[in-house]
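Below are two complexes that have chain A in common, paired first with chain B and then with chain C.
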Partner chain A sequence: MRAYFTFFKIRFINGLQYRAAAYAGIATQFAWGFMTILMFRAFYKSSPENFPMTFEKLTTYIWLQQSFLALFMAWFFDNEIFDSISNGNVAYELCRPTGLYEMWFVRSLSSRVYRVVLRCAPILIVAAFLPLPYGISLPIDAATFLLFMLSMTLGSFLMVSINMTIYASTFYTMSPMGIRILFVSLAELFSGAIIPLPFLPDKVHRAFNLLPFASTQSTPFLIYNGYLSGESIRYALLLQIAWLFAFVLFGKLLFRNALKRVVVQGG
Partner chain B sequence: MVGYIGPNGAGKSCTIKIMSGILNPDSGTCVINGRTPWKDRINHVREIGVVFGQRSQLWWDVPVIDSFELLKDIYKIDEKQYKQSFDELVSLLSLESIIKTPTRQLSLGQRMRCEVAASLLHNPKILFLDEPTIGLDAVSKIAVREFIKYINKDRKTTVILTTHDMQDIEALTKRIILIGKGKILLDGDLNALKKQYTKHKIITVEYSSGMPDIFDGLTVLENTNNRYVAALDTGCVSVSSAIAMLSESFDITDISVTSASVEEMVISMYREHNI
Partner chain C sequence: MKLWFKYAGIILRSQMQYKTSFILTAIGQFLVSFSAFMGIYFMFMRFNTVEGFNFSEVLICFAVMLTSFSLAECFFRGFDTFGGIISNGEFDRIMVRPRNEMLQVLGSKIEFTRIGRFLQAIIVLSYAIPKSDIIWTADKIITLCLMIIGGTFLFAGLFIIYAGICFFTIEGLEFMNIFTDGGKEFGKYPLSIYGEGILKFFTFAIPLALIQYYPLLYLLGRTDNTLYMILPVFGILFLLPSYILWRFGVRHYKSTGS
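So, the complex of A and B:
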């Protein structure tokens, strides 16, 4: 356990060096956030009653999305992991008295977390000072906030466990590109990264909600902005837990199977 | 200390990977310290150290010492033992000046010294070295060799070494195993083998014209640019009659007769076994 913690720490400290990348990221996220909000504002102006949530709730959703982007961006992978499989450096990782799945899980999680730590605060602070309805509003009560934190933790673990299955596939295919591109485009749509899921037609929304991707970012953000409440929060959290279990199990099976027939590339 | 040799692609590195629990073989058995490596990987790797000369286990972007600290926690080495092991390795491999440098800035020789140190921090019972001296300059090679020797003697670590560098073999190992085509071809004491094979003498002839005849007891190793090198089986043909025969086929400008070096011994072993 301690090994994983140290691993997380060294990865984390290592990541904090890249401050310029973080500034650039913050700027991008502001631009993106404003752009999305302005676009939705145009729609809301014509007929606000046609939308599933108020404009304040939507802007809150968007700012949360921008602040915590690094936790949930489906297109973010650790290239070193892909490389170590395709050039054979995985040999060294297998010489360690640790589980490969656990090690890479921690590694992927930590590289997401350090990015968020560097980026979320400035965005959240500025968004909090923006005049309503353009800024981020506070959650309804403390309980909602705690549920949001819980759900966000589950969601980011789920995101990493989904990534792990993509890493595992590289053991079989050697090049991750094909499956990555397919995965990323689907995940972006299904997770509500492009359009919040409630804005989709009702039936589509309900279908997407059952998919694992909705349990990554959509659920925590909708808990925070109050779109989900009471019974539906409990249901959404259970679904998150179920998907997390399913993906960890699936990923571990894939890893176990892959390691039985692992080929160390490059002699 | 065992030297494990064979031509490129013979399966040396593969064997190392099986013995270190990385690969699952299709069939066969392998028991190390009472365990089958691939069935009990995690417990097995606690007791071994591995260096792959062509790869790096150190973290590319962080100072070497951080990689060491990480290994300390991965192997759950306790503070006191780590300190002792660390100090010993640092002073023996003279790493003081490079330990705080990020791995990416190290030269190959510096890095390899750190790699060897990294694989010994947890004081393994067995050390697998897969071409540890590949690409190193003479000084670094000797430093690594001396160190391996010391570890073997002082810590009583079993060392299994694959290499193409015959000086490594000569300097380090007592026992060598030769493999090729998936079989163990030879397994024996280096000195005995050397004696057996230094029944061979190496005859080098520089000539201005002529073609060699083929005769028993003389194996051609090289014949280019008017330079002819052959191994002579002294049990079959005496040196003087070989020279006589050679001078008949060549117009000799220079000739030398030497005992086979380990390198040549290996070449003639490869030849003998047709690998």
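So, the complex of A and C:
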């Protein structure tokens, strides 16, 4: 356990070096969030009665999405992991007295977390000072905030564990490109990255909710902005835990199976 | 021009060596823009109109932007990786060759896989055109073509500016993405929906509205002003300032020395 924690810390401190890139990223994300809000405002002006949530809840959702983008962006993969599988460097990793799955899990998680640590605070602070209804509002009470933190932790773990199955597939196919791009395009739609899931037609929304992608970013953000409450929070959290277990188990199986027949491609 | 076709031929042949990967990437490109399309579709299932535009009208807008962006990306993608060309010293090699530098950068990368996205745009366009109430007279067809051509050159101009800035910063500026990818993303809807200020910005600073919002008004018969029809030509003129910036960058080029 301590080894993994240290490994997390190493990657994390390493990542914090890239501050300039983060500042440029903040400006882009801020502009992006702003344009998205303006787009929804246009729809809101056309027919406010069709809006599934209040406008403040929507802007809160969007700013959360921009601040924590790095935790949940589906297209973010560690190319070094793909390379090490296809060029055989994975052999070195296998020499270490640690589990390969756990190692890469920690590594993927930490490279997401350091990006968020660098970026989220400035976006959240500026968004908090924007006049309502354009800014981010506070959660209803402290309990909601704690549930949001719990759900976000589960969600980001789930995101990484879904990523791990994509990494694992490279052991079988050698070229990750096809499955990767397919996964990204579906995940973006299913997870509510393109439009928040409550904006979908009710039946589609209910169906998408059951998929693992909804448990990544949609659930925590909807808990924070108060769209989910009471019983439905408990249900959503249980679903997150179930999917997390399923994906970790599936990923570990894939890894174990792959490593049994791993062929290291030359030196 | 002949040289460019030679470059294109070589790249096409090299990409065709990995046929499966090529096809899968093209399909992926198709799917990526498909989920963007689904986003619009679901929004219009809930809201019937946005600022006076209905689904098929927005689709025309979306298809025009997608077509121009995919064309520009296919042929001008070389500029997108320009930061890499500068920082690894590749540009020194380009400079010593007795050919135009721009042509060589263009020839360094041509993304034929964007055909997937292009295909998607064509499908959406052929769905939206009969569905809209536009009576397709010659001037409307010309307007549509001008929009696509103007859009392609406008995005090309943006890619060139992106590359031109690299001369000074060595690295690509992530912020430019808001104009290139952002332009594609937010250009799905007529730019007027974002409000007066944003529309002004995209008219005078980055002339995206000239190839999108104004000619669209003419296309939909909301205005008879023929000026709106030829506005996309200014999208082509946008190449001029970007070319100047590029020349300026080349003259100030200092090798990174690696």
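Everything that follows uses one rule, which is that the second predicted complex is superposed on the first by the 267 of 267 C-alpha atoms of A that agree within 3 Å, B and C clash if a C-alpha of one lies under 4 Å from a C-alpha of the other, contacts with A are read in each partner's own complex, and residues count from 1 in each chain.
Following the convention adopted for this analysis, a residue touches a chain if its C-beta (ideal position, glycine included) is under 8 Å from a C-beta of that chain, and two chains touch if they have at least 3 such contacts.
Here the structure is a predicted model, which is why all the values come from computation and not from measurement.
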{"item": "Combined model on chain A: chain C and chain B, fit or clash", "value": "fit"}
{"item": "Partner chain in contact with A:6 - chain B first, chain C second, else both or neither", "value": "first"}
{"item": "Partner chain in contact with A:24 - chain B first, chain C second, else both or neither", "value": "second"}
{"item": "Partner contacting more residues of chain A (chain B vs chain C)", "value": "C"}
{"item": "Partner chain in contact with A:194 - chain B first, chain C second, else both or neither", "value": "second"}
{"item": "First (chain B), second (chain C), both or neither touched by A:186", "value": "second"}
{"item": "First (chain B), second (chain C), both or neither touched by A:39", "value": "second"}
{"item": "Angle, in degrees and to the nearest 10, that opens at chain A between the C-alpha centres of chain B and chain C", "value": "90"}
{"item": "First (chain B), second (chain C), both or neither touched by A:98", "value": "first"}
{"item": "Least C-alpha distance (whole Å) that remains between chain C and chain B when both complexes are overlaid", "value": "14"}
{"item": "Common interface residues of chain A - those touching chain B in one complex and chain C in the other", "value": "none"}
{"item": "List of chain A residues in touch with chain B within their complex", "value": "2-3, 5-7, 10, 14, 17, 88-89, 91-92, 94-99, 259-264, 266-267"}
{"item": "Chain A-touching residues of chain C, taken from the complex the two chains share", "value": "20-21, 24-25, 27-29, 31-32, 34-36, 38-39, 42-43, 45-51, 173-175, 177-178, 182, 185-186, 189, 193-195, 198"}
{"item": "Chain C partner contacts - residues on chain A that touch it in the complex", "value": "21, 24-25, 27-28, 31-32, 35, 38-39, 41-43, 45-47, 50, 52, 175, 177-178, 180-182, 184-186, 188-189, 194-195, 199-201, 204"}
{"item": "Chain B - residues contacting chain A, complex", "value": "13, 17, 20-24, 41-43, 45-46, 48, 50, 52, 54-57, 59, 61-62, 66, 69-70, 73-76"}
